[in-house]
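Okay, so chain A shows up in both of these, paired with chain B first and chain C after.
The block that comes next holds the complex of A and B.
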């Protein structure tokens, strides 16, 4: 088969996928865009409101703050777990694999309620802390940003493990040996060779977690207890409680644009550094 | 751990390495002299890399000791031994420029920045990488990457440089060029080089001594001409280039000369290696002479053979012949000589002086 024929055959195979993307995402998305400029009247008034409504702005700021903290926590945790998974002893590998895979079998709702049970003022952690006399009053661990961050980090951490572990697997052992052979101690090898050589995995993981986190709904709704509202929840509230379709749609579009912009920026800056293909 | 610039000696004493029940190295003992260029030669899987990794400190021997300058270094970790090492596939740091790769071992040693700059510059000059200092390894050709690996391994002036098949990925011309360069670097630095290859001509061309391995055992160690001209067993004889093997019957030893029957002729060999009952006469193709149809030469050995095939190889021509009993004989001849000889068509007399042959013990069966 010539190159061109192969290319054409590839296109034919891609058609069903493209059709699916168009039907499942493209058309609904344009519907949302349409609402954002026609509800209740034609024009960009909803977008102007976005930049002026203090509630909307504060929710955007909070969302980004939470997502940033969650990304850092999830990626750091995932790095440690991926390290054990890829480079640990056989026992450590098994334990790590178990810890990575089990969360996928438990629904997001169950996990959120699990955290609620653990973190609430009469939950396990507070009861224990009080019983050992560490605190006298229960700590507020949930229905605030802290609870949301804990729940989201826990949910997203396994997703961050895969790109990091894959970068670690691709790393040639001989390069680490070379570094040691040239006189570097283990910590030096880790920081000057191992970490930089797995940076692509870390950045990939960070991008996945951050983008995923931006649209989170269930976890913040349950663990934030209405006090730590994020964008997705606000969109829901605007659409289904205030029946403010236009503003909800405008927020959705803005969120999507921000995500797209972030992804583009990341690729733009990572490509010259040879960190993404 | 050696002083800067001082070549170290290495002693391997009874080293074995087992992976589970598999024995990768079997009771290896050898001495590597200060400033020597020793090549570990053997087929794939013979344990060359394993021995090199043990020398470097990346693998611990299951049994045996290692000494360097008479100090026991068996327990010393790789980062403390700190021998220069060039890995199969180079193992450069892909995220660092050429310059930073070469500076790495000096930075690890907390060398002063000005000194680092001077020595890295010197090394870049020496391996001919001027103009490529800022490039990442991925942007370099195979030969250039090889040079970076050499520079990085030599810049801190280690007592020993270990090289694991450094040229296996290069094409023939580049390979020869790099071989010359490594030879020059060895002479200039005076460092002890331990070089691994499975290419026999490379081993013979570069080394002061060659150690030949098979199945985790040291088969023979000696100067290139020693191992080539006086192989101690059939494996070594066959591994180091082409050789004719003629099984002898009815072996006798008289006044320093052994003789035995090959087909219908009695052939003679120097008796030094005549041990054991059966034996094989080994003779290299370039030591054989050939004559057309004349009566058998009077001195030395001669056997009669018919021509099977002629392989023209430029300067030399290889003749493939067959004896009456069907034993194959290969001999090489200057091409000019071959042309006139082949006019006659044969059969031919193959002849050689007694002292060019070599008696090998018969293979254990």
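The block that comes next holds the complex of A and C.
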């Protein structure tokens, strides 16, 4: 193939998508940046507001708190089920895969609704607790931070399973047998050999879950009921309820910077962990 | 794998997680049969009124058709763009391939709410220029969905291409095949399963997309997820339970079909 033919083929094949993403995504993003410094007046007032407005600050703090708790819960849960998915008997593996994939493929709205059906005041859990006389008044399990954490953990857990499971699959079986052969008990093998050797998968899972959780707003909006607002939901509210485009745009830019920074930092720490393995 | 299976504690932990994962999906079923007009457990008699509501209220039918149309169009466009791009990367191995791929994957990595803002800016801008593709039109939503789903299609196509043996392409080249012949007669037939998977995933992602859709629609382009969102916010409409049950059944059925097909392929091989 001549050089010119290759060049022409490359143009025909590569350019459409690159141009599409540039025009429909890359350039419009700078429009959002422009909003953040021109709405309503030119200048960095919106960014100053980000650091001083007590409402915005409290939302940032709450977002980080919720994301941290969700990350821990999702990674621990994912580890437990990934362990069975990778190392169980064939039957256990099939069941685990079913339990991971079914929620994964079901829409975020259906899953959030499922938690409403379970946790709301006339939902399954409260109806049951009242019928056995355990509580007289329904418990407030949803439309608060607890509901948000439960719903987000449920949404993000399958995403955490995949990196953890792939780390578990890559682990050499002979290492485990060697540990057993040297007389370590089952639990000792698990905690001193298996867990440390899959740590890179856990870190990767934690990064994915945390970053996803930061920018997520559908589940918090439904299960938080406006009482436990997170950054992304605040962007939505500022855009469509208070028509405060400047602040919405500034928060988006700030969120993107935070996520980018976190990803860069984590990659620096992840690389050595990958080398050790 | 000999001798090293999960012990009873590990199995118990996994069961707890499995229950946690499936519980909310199962809880939807009894709620969908409640005779009441609000979210509640049915006490005594069961009712199908919320399933009837899905048929009687034309909003559900039109939302479903709109989602179907947007899903088919955006999946077709995204898959085509992704296949072309993947072929270009694979055949030409351009300099900075990693950078180019990273660029088109951006919408997948950037927080959804930032993408939503960006696409809101794009579509409100387009609305000032034309009536067809813009804010709150179905083609506008389809355009926004293509941006959001194309990275997933690209990943699947690149994975499929990475399994193709480069020597068959070299052989075709040596025998004098043109670029088009190599693409259509050699490479594409080898990644047809990857292309089908990419199209399917793109469709599903568009079908259930809500984050961006919320930002770029208001009253005209009401997709199925958008309709569900409206029923979930303030007074929860139990019709959401009925549609949820149907969607869960559909998902389970598709996963079972996938499992059976995989078994059949494995047996034939």
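Here is the rule we go by: the second predicted complex is superposed on the first by the 248 of 277 C-alpha atoms of A that agree within 3 Å, B and C clash if a C-alpha of one lies under 4 Å from a C-alpha of the other, contacts with A are read in each partner's own complex, and residues count from 1 in each chain.
We adopt the following convention: a residue touches a chain if its C-beta (ideal position, glycine included) is under 8 Å from a C-beta of that chain, and two chains touch if they have at least 3 such contacts.
The shown structure was predicted, so the numbers you read here are calculated from the model rather than taken from an experiment.
For the composite obtained by overlaying on chain A, chain B and chain C can both be accommodated side by side without a clash.
Legend: residue contacts after superposition of the two complexes on their common chain; A:172 is shown touching chain B, with no touch to chain C. More residues of chain A lie in contact with C than with the other chain of the pair chain B and chain C. Once the two complexes are overlaid on the shared chain, A:196 sits against chain B while remaining clear of chain C. Of the two partner chains, chain C is the only one touched by A:84; chain B is not. The superposed model places chain B and chain C at 90 degrees from each other around the C-alpha centre of chain A, with the value given to the nearest 10.
When the two structures are aligned on the shared chain, A:188 is found in touch with chain B, with no touch to chain C. Look at A:37: by the touch rule set out above, it reaches neither chain B nor chain C.
Looking at the shared chain after the overlay, A:180 reaches both chain B and chain C. Overlay on chain A (Cα): least separation between chain B and chain C is 6 Å.
Overlap of the chain B and chain C interfaces on chain A: residues 177, 180, 186.
Within the complex, the chain A residues that touch chain C are 1, 5-6, 9-10, 12-14, 16-18, 20-21, 24-26, 28-29, 31-32, 35, 77-78, 80-81, 83-84, 87-89, 92, 95-96, 98-103, 105-118, 120, 122-124, 127, 154, 157-158, 173, 176-177, 180, 186-187, 189-190, 211, 214-218, 221-222, 231-232, 235-236, 239-240, 248-249, 252-253, 255-256, 259, 263. For chain B in complex with chain A, the residues that touch the partner chain are 56-58, 77-79, 82-85, 87-89, 91-95, 104-105, 108-109, 136, 138, 152-153, 156. Listing the residues of chain C that touch chain A in their complex gives 1-7, 9-11, 13-14, 16-18, 20-25, 27-28, 30-31, 38-41, 81-82, 84-85, 87-89, 91-92, 94, 100, 103-104, 106-107, 109-122, 125, 143, 146-147, 150, 154, 173, 179, 204, 207-208, 210-211, 214-215, 225, 228-229, 232-233, 236, 240-241, 244, 247-248, 251-252, 254-255.
By the touch criterion given at the top, residues 172, 174-175, 177-186, 188, 192-193, 196-197, 199, 274 of chain A touch chain B in their complex.
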